[in-house]
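Working notes, structure below.
Labels run A, B, C and D following the written order; every chain starts at residue 1.
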Amino acid sequence: MNLMNLIYAFGLLLFAFVLQTSITGINRKVIARLQRRRGPRWFQQFIDIFKALSKSSTSHGWIFDFGVVMALGGIMATAMFIPIGPLQALPGLDNIFIIAYVLAVGMLGMAMSASGSGNPWASIGVSRALTNMLAYDIPFMVVIFGLIFAYDTSSLSGFAAIQQEGGILGWNIIRFPLGGLVAMISLQGMLGKKPFDSFIAPAEIASGPMVEYGGRHLGMLFLLHEFQTFVEVSLIVHIFFGGGATVLEYVVKYALIYTFMNIVSNILPRFKIDQAVTFFYKVPLALAMIQSLLIIVTGLGVA
Amino acid sequence: MKEVKLFLGPQHPGMHGNYSVHMYVDGDIINKARPMPGMLHRGFEKLMERRYWMGNLALIPRICVVEPDPNEMVYAMGIEKLGKIEVPERAHWIRMIVLELARLANHLMSIGGIGAPVGLYTASYWSTADRDLLLDIFEKITGARVYHMYIVPGGVRKDLPEGIEEEILKTIAYIESRLPEYYDLVMKSPIFHDRTVDNILLPEEVVWELGVTGIGMRSAVNKEYDIRKVKPYARYDQVEFNLPYAPYSDAFTRVRFKYIEAEQSISIIRQAIEKMPKEGSVRAKISTGNALRWKVPAGMVYSCIESSRGEYGYLIVSDGSEMPYRIAVRGASYPQGLLGVEKYLPGHRIDDASLWMDTMGVCAPEIDR
Amino acid sequence: MNSMNSIVDDLKGKFDIINVVFPDDMQMAVDVDKNDVHTVLSYLKTIGYKQLSLMSGVDWIKENEFEVVFIVFNWDNGIHILLRTRLDRENPVFRTITGIYPGAQYYERDIHEFFGIEFEGNPMSYKDLFLELWDEMPPMRKDFDPLAYSQDKFPERKYESQFIPEVGVIK
Amino acid sequence: MFNIVEDTQKTREDTRKTWEKIADYFRANSIWMKWYCTGCGAMEMPPTMTSRFDMEQLGMGPMATPRQADVLLITGYLSAKTLRRVIYSYEQMQDPKYVIGFGSCTLNGGIYFDSYATMTRLDHYIPVDLYIAGCMPRPEAIMNAFDTLIAMIKKGEAKGWKHYQDNYEWYNANQIHSLKEVRVKDEFHE
């Protein structure tokens, strides 16, 4: 690792921010059309974030401040490891385990900060968010272990390279449809989209962890959310949709997947948190187990 | 375990209107709930004693903002009973059309509005926009979108505008065609099922204990208890309609009933447009001289109609002077909004609190007055 | 009307009824002494008047009395009964009816707040409900002047010219 | 709609730095509202927010808590009980913050001028940047007001929040006079 890597990494962060924020903005437009209205301008999300950053904000103690910075730092650090199509800022470090662990730093920072605000809604939101995380992570990880077993690799670019050999039929979502389904459902949970958004449900717990955030803190939270979405969607693109041979291919896949998830999110109500956990431990976990067993025992779908 | 105190409202996104419930929560379960009304209290009952009988027409629709027309109707009915005023035939039918349009608008609002507590915002977006078409019709008939001041003692303020019947028929046909779409989006969603079926029950004993009326009552006692059926006013005895009833009231049933009632309202409007006399006076002459100084004979009467949430009534007391002596308002959601929240919200989860408020039909302005 | 007359006869036979009037078809107003209210209400509840539609008060300041009105409703025959009773205005004390109609809990609290009528046996009714930090006499009493209170508490906007001259009409 | 006439004393020397001008561009184009349904005017908010009038095309959206919001919409009459909570919410909001008063009730008491429970003049208690006339204002009027607010923010004219900071004693004295205690007492009904 040298200076160039770092410059690349920051370039990648900038790219990730612009990409995800634009796609969020476009998605707001798409959803608006779904809801039969005009919707905001496509760059509205940028304006929102910059506006939030330009406002003053109240601190609720140093844990609150530090937690946000730690969360943002953690998520940004995670984003640096993500390859964008063929480009990689830190080659050789795009291991799923590294990403999973560094991502957790961000999540914990967020939980710390929100609990530090002292608002009971925030505490409920945090506990729900962590419960939710536990729910979607287990089926997701079971599927990932199956894939790692099948391919003998745990690096994102490794997964992408293997899939690209077989064209569309080589994509893991086609080869392992059960696992792909589980991963898509888990992605919905990771992104905090409906039906798994009970931890930020405004009508239930007044937007949960975000309840005491305002101004700059809220702006950082929005930034964090963009990077987090980038990491999570990228994981799925690389592991199940063959990554991208070119940057353009990657961006197109990324945008389509995110838009699809968003549309699904807007025609579903939300689960209660206990129902979400029960659901994850019933259907996706069972499917994930079956998929992993199929891979390990029969080798079905493994090239 | 330590109890945590949480505020649902007054400015919680899950709360409809300016109303508050203090919840003492253990984990996710509500242990104790205390309603806190009064944020919308304007002292209507006092203000009405200070206005002339006719001047009150401007005041009464504002008592319940969600559905103002029942207020005008009960007020007019009460005065007609006190003053023994005969309402022209055509006025009865026009009143019925307006009331049913109002009920339809309100049901549309709550059919989509159920999307807010469960997170299905698309439904709210669609239905609120469709409801706006009804408000357009109101604007053509009465000149106002929300507060109509149209039903007055002795009839209605003025006749229907030329050609409005076709427009009404067109709009309700459109809304009728949209209802199945909402049904598919909301009611057929398995997640919505999971959240509402067998949840938020309203047993028959509770109905009698609290005095719940309207959809809540009909869905629990398995009888067609509706003021329109039990003691018909206007010309409800001359139209055919069937109201849904069931012996088991959970959140899903109550939401489903709103769809059926909306369809019934559409059918009533159609029949009314067909059966109403095409010509004739719409307002009885009730006074000579200055209408403001008009005096209503002394007496005490209770007039009530069926609003979309249940029995809506005024107790009107006149001492024979230019102003009402006392008017007491029975808000349709008073029982479930106050005692119901205190007694029957505990035991539910936080997630269900706003769903509880929504499906029980708690409407803050008519409680607070 | 027949069913109403039979109810009136029934009530008159069983209780000490002061007066009965019929404000409307399917509606009757029954005046009773304040000591008879509970027995009459219990009886009405047993014969089908299961719903307490409204409970409210009227301030008859000239007679120096409060009137409490209980409106009960029978959904099967559609008859509203207005049960009325008078209380002394100087010492307005009444017994709670929550034992008969539990739904009266908040109506009593409401009436206590707005008229100052006390309901023995309902400790909840002594608490504020709609008003917060209220410092005047109960506002629904006839001798309370809301305009004066409002002008004292909430300063009005001053206009260069009075746009609506009729404002002065309402006292 | 008209801007309030100041009858209080202090106004701040008004110069905007360059970065504030840029920030004001962003603030004008992304207004998050705290939709506190204080009164009947809230009834015309759903049509304004949803598909027919679609407020989001102006970059506006509802937010769950006062901390996150930029603009406080006082939708109609305010009872004394609500006013305490409104002041509480307003003070929780982050600078810069704006207030829009809906309808004649916030302007001069409207139809409730003689009510014992509702206040008659909102700008006595919190600074109001903009009033919308009408009872209740139609969605078109609301959208128009939002347009005006956006223009005001861009020009740096919506500075009620500075006024509140500078004249806090005056506002506080008014609040105390009308409400006795501004602090919300939650336990009073227990």
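Note that in this section contacts are C-beta pairs under 8 Å (C-beta built on N, C-alpha and C of every residue); 3 or more make two chains touch, one makes a residue touch a chain.
These numbers come from a predicted model, not from an experiment.
The chains in contact with chain B as well as with chain D are A, C.
Chain centres here are C-alpha means, and the one lying farthest from chain B is A. Rounded to whole angstrom, the centroid-to-centroid distance between chain B and chain C, based on C-alpha atoms, equals 23 Å.
Rounded to whole angstrom units, the spacing between the C-alpha centres of chain A and chain C is 60. Centroids of chain A and chain B (each the mean of its C-alpha atoms) stand 44 Å apart. In whole angstrom, the spacing between the mean C-alpha positions of chain C and chain D is 38.
Residues of chain C in contact with two or more other chains: 129-132, 139, 144, 146-147, 170. Counting only residues that touch two or more partner chains, chain A has 35-37, 202, 206-207. In chain D, 50-52, 64-66, 81, 114-118, 189 are the positions where the chain touches two or more neighbouring chains simultaneously.
Two chains count as a pair here when they touch; such pairs are A-B, A-D, B-C, B-D, C-D. On the chain D side of its complex with chain B, the touching residues are 34-40, 42-44, 46-47, 49-52, 62, 64-66, 77, 79, 81-82, 85, 89, 111-112, 114-118, 135-136, 138, 186, 189-190.
Contact residues of chain C toward chain B in the complex are 23-24, 26-27, 29, 50-54, 56-59, 69, 71, 73, 75, 78, 80, 82, 84, 101-103, 105-107, 114, 129-132, 139-140, 142, 144, 146-147, 170-171. Put simply, chain B touches chain C in their complex at residues 37-38, 41, 43, 45-47, 49-51, 55, 81-82, 208-211, 213, 223, 225, 230-231, 299-304, 311, 313, 315, 317, 325-326, 328, 330, 334-335, 338-339, 368.
Within the complex, the chain B residues that touch chain A are 4-6, 12-14, 25, 28, 115-122, 125-126, 129, 185-186, 189, 191-192, 194-195, 349-354. Across the complex, chain A is touched by residues 23, 26-27, 29-30, 32, 50-52, 54, 56-57, 59, 63-70, 93-96 of chain D.
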